[in-house]
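Multiple structures are listed underneath, in structure tokens.
The same subunit A turns up in both complexes below, where it pairs with subunit B and then with subunit C.
Then we have the complex of A and B:
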């Protein structure tokens, strides 16, 4: 029987890992739920953000905040341009799967061409830092990622539910024609949202660079669990994505502590299957 | 008169010099490889999850080809390596070896990187009766094809022999371990060694308070680290590949825990060496670029060339190591057999290798044991003062074991 300290530590680690899942799933959930675009390139974009953070930090010795200031607007513009391409060529929900898969492969190849397949690690003095709460250690960077995810998900929820643009976006996602009849300019707002989703990928990338060691092929290792997060959290629901990330992270952590680490990957999909069979009203 | 005589002597001297230069040029022309190239086909995982390590193999293979072509080639002909990217996927490896043999019609093939891909390529080689030499099949008993040859001296039963080597090594520490935690990836070659490690540890009377398996590609090691800390054994043995060892160490650091003695099976040498948490970490090796290994056949030319190419390729760890020398040795074995038999016939080459011992970067290698393996020669290396040095067995060690 595992000790309470071990269980508590596994739970905290899992919850914080779930914050990163939620952060990575945020842009994907909004894009899928409100723009009806399944953007697989979101993962590649996050890793591009991670590699740029590495480059800015190790080669140019830029402060993280300054790197973020460069990455966010660049990624926003990239998201707008990508959405313009989707609009220009009439890419639909299922078509977007294929197109964005291609974009992801291109980004992966560009990353490998520029940074090679070799591992890249952004060494920072705070990479391994943690503090103690009772017998439990709380890793600082994972906590920062969790708090950032919470702020961004909360902000996105407020924006979608309390502002005209957010409500208009939700209305367009429900029924674009009726929304247009009420004067909603879905086209302009969709560019804004697409840019924001890409910027969210950039933020996730910064934390990936700070927490993980980078390799081009790791783009694909997040795909399964983040898709599960997005579906469980309900498409287009930023708080749902965060909650689902935390749920999956915590369950994975406990499974690793109580059963075996080998069972962790099964957890996210088991939860997904159970919830899909259960079909709760909020899904 | 004397002027004429002088001019005549000068002509003779100049003629002699010209003749000498011509002779040297002819001599050089004879030594340089000429004619249709000998095409050797193979794949490496240039993309996908194994790309980081395969890149080292690629550089080492290119070094061999360059060294061979700078010399006299093979059988006086230039060597060409037809290299394709198998994307770290065995099913693609299989198709590419079919293509190399049937479409590209290469003269010979060499093995890819990684047990799964090697098994895929081996099936194709067997179907077409091709000799295949490989350097990284960590489960020798799967090499049942009679014309497959291992270039790395795992020995036929590393799961039984190598744990003994590791335990002998750590037993030489001032305070020998009495308990061991075993954490391993479920990647076949790592899991296979971990099971052997558990058996041999128990046979030697060590307690095993924790044996854990995790999936290849696990991202979050926090909970695994919590269990390792909870078990708090004297010796941590990790069946890790690539960066997994680094990830576990970083997770342990966040829990303010440092293992007393720690071992990593197949790590990426550069990142582990660079990690501050990896102080005195142990790992598997066949070769490190220090005496006595650096005086072995071919290393003098290979080592500087490899370093230069690795720097140019943007690789962070540029030292010649086990992985890179593995692929170099694949080519070296094939070349030695070709030159000895003056043949490119697969059966002739395989027959020669089976009967002979070849002097290599890994020492003398023979193929007369089970699964075409000779005796195992697996080493234990350790991070010491910013370098990897072999610490066991004692007769090959470049330094003594240091325990934290």
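Then we have the complex of A and C:
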């Protein structure tokens, strides 16, 4: 049995890693739950964002803020265009899964063509910075990602529950025709949401670039865990996605410490399988 | 769809092509061609096996890599560690993969409301769990499994030729299975499940068993394909085997070619493998992948049904147009009055004054056929039925009325077994049917119509009815003839080849009726068949219901249209707020003050 300090360290690392899961899951959950579109390209977009951040940082020596300034509006427009495509051809839930898979592969090919299949690492001074709380080290970047995820998820929750546009979006997800009969302009709002989801992918991408090593094939390694996060957290619920991300991250962290790092993937999927079989009301 | 038409020729053609291809390795081509063709066979088998469940029944699986991998590791382990002869490992690989599929199916298909996306993710999750287990146990141990010491079964002299023949055999067997399934009762049931699973169950399809069979076939074939493939690749690693590439490729291939047609996945697999190979040999692997991805996007957007079904539909439409133009030419030539209106009695207003026809009162001593005893149902805190007791006598027409939300449709859902009871029993002919799965209740002789018609949208009108003949299980004789009989009985024979989307509301309602009759039920439950019909259509429907009863069928009908209730009912039962208020002769019931209270409000007499 590992020591309590080690367990505590594993728990904190897991919780913070879970913040990144939540950040990635946020856009996916919103577009799946509220627009009924399963966006696999979300992962590819996040990695495109990560590679762009890497490029700006290492080749052009620009501040990360510039990367964000460029990535957010571009990705927003991309999200709007993707949504236009779905609207134009009347694509359903499964159709969107297939189409966005195609988009993901195209982005992956683009990344591989531009940056090759080699591993890339964005070296920044923050990468190794951390501070100590009691006996436990808290890595600064992971904490920043976690806080960003919390702010974005909280903001999205407030937006959906406290503003007209957010409520209208939820009403349309429930029953688009009835919502339209009450004067909800679903079209404009769904474009807005779709753009925002893509922009969230960009934010997640910046943190992926700062925290982890990049390779085009990594796009697919996050897919399983983040899907689990989105389902467990309930589709369309931003706080749920964050909570599920933290839950799975913490469980993985503990599993790594107690059993062995190699068994970590079993944890998230076992949680997913158990929850799917249990089918609680909030699912 | 593929199920219509008798095309045994395609199976013969498939076997002939297979036999011809079997001679290819002996022709002395370079060994490269053996491998090249093997890869095509591999993807055809894999994509076709995926479509058996996911294409036909509509449950998209993202876990095909799990079954393929289970087969690969079973074959490799048995051959390397236990020195089994390689050919003997392939059935074992199929069995292990099929067991895995059945295990997953037994868990997930029992869930009451399993949504398609959740099934997809569930299978994906199983893939990752399996991969982790194999990686961390001595099965693989993280370093992979070499099959270098395993001799390739020497079917013919050249090694690549032998692998080619194994791949070809897999491919032909898989396609033959797909053809057989898609032309069988199983296939018909799976297509129905894909369109509307609840209705399929109520029409007599054993949905759980059918899904399990399809899943076992699908995963078992993938396992066998994996067994063969292990000797082709020679070195297994977890990363290569359980990646996302396999499930997504088979989906892409099937969707491109047409996942609901037995040959669709094969066409898609061939096209994509050729395209990928073309780009790879030109040194443009990355561009090739991007182009194939683009192809996927375009095909989902522009050909959502896939190449083969789109092609077949175009051809059918063209044939229908030719037929129609030939017909109109003939009619013009003869200059005869068009006979079409006379041959559709249901479409013409009937001059008979139906209000004068008094319903034949059912004999009071008639046998009770359906007994509903103290049936209760609650949805969470809402009590939809609070103990309903009702006897239905053999050969009578019982009208079931009551305000909206009083539990009429819930009662029908209880009788057909669509929803489980919270309390009470239901008996048919003295035999308890409550608690049985819906398809068993359907086979005992209960059929229903839906208030909002729910046809199987991918089956033609005739196939919709034929499906109910075959699964209702109480008729005898050729299913197609019976289906045609019921269509013309209901006056819908002109629309036999039409698809449900092309039918108007009246025709859809009549199709509902024809589907229910096709099962030859003892008790027929009609849920608001008259709503939305115009007065002359109502007259026709009333006549039709009488004719059905005259054939000996007992009828319970839920209706808001009082004219139909009064004209048709031998007895009327009134429900209110989940209870049975009263039941009796129409005149008595209508004069009951409690009934008048419900319909006209309190104090109506004042």
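Just so we're on the same page, the second predicted complex is superposed on the first by the 283 of 283 C-alpha atoms of A that agree within 3 Å, B and C clash if a C-alpha of one lies under 4 Å from a C-alpha of the other, contacts with A are read in each partner's own complex, and residues count from 1 in each chain.
The criterion applied here is as follows: a residue touches a chain if its C-beta (ideal position, glycine included) is under 8 Å from a C-beta of that chain, and two chains touch if they have at least 3 such contacts.
For clarity, every value in this text was computed on a predicted model and none was experimentally measured.
With the C-alpha superposition on subunit A as described, subunit C and subunit B clash in the combined arrangement. When the two complexes are overlaid on their common chain A, residue A:5 makes contact with subunit B while staying clear of subunit C.
Judged by the touch definition given at the top, the superposed model places A:262 against both subunit B and subunit C. Once the two complexes are overlaid on the shared chain, A:212 sits against subunit B while remaining clear of subunit C. Of the two partner chains placed by superposition, only subunit B is touched by A:127; subunit C is not. In the superposed model, A:67 lies in contact with neither subunit B nor subunit C. In the superposition on chain A, contact of A:222 is made with subunit B only, not with subunit C. Contacts of A:250 after superposition: neither subunit B nor subunit C is touched.
By the touch criterion stated above, A:46 is placed in contact with neither subunit B nor subunit C.
Legend: residue contacts after superposition of the two complexes on their common chain; A:112 is shown touching both subunit B and subunit C.
Clashing C-alpha atoms with subunit C appear in just one stretch of subunit B from the list 97-105, 205-213, 223-231 or 295-303: 97-105. The interface of subunit A with subunit B overlaps its interface with subunit C at residues 108-109, 112, 260, 262, 265. In the complex of the two chains, the subunit A residues touching subunit C come out as 38, 85, 89, 91, 93-95, 97-99, 101-106, 108-110, 112-113, 220, 223-224, 227-228, 231, 260, 262-263, 265-266, 269-270, 272-273, 276-277, 279.
The part of subunit B that touches subunit A in the complex is made up of residues 46-49, 51-52, 54-55, 88, 186, 212-215, 217-220, 222-224, 226-227, 230, 242-243, 246-247, 250, 253-256, 268, 270-271, 274, 277, 313-316. Of all residues in subunit C, those touching subunit A in their complex are 60, 107-108, 111-113, 116-118, 120-122, 124-126, 128-129, 131-133, 135-136, 142, 243-244, 248, 251-252, 255, 286-287, 289-290, 292-297, 300-302, 304.
The touching residues of subunit A, when paired with subunit B in their complex, are 2-3, 5-6, 9-10, 13-14, 16-17, 108-109, 112, 115-121, 123, 127-130, 132, 137, 139, 142, 212-213, 215-218, 221-222, 249, 252-254, 256-257, 260-262, 264-265.
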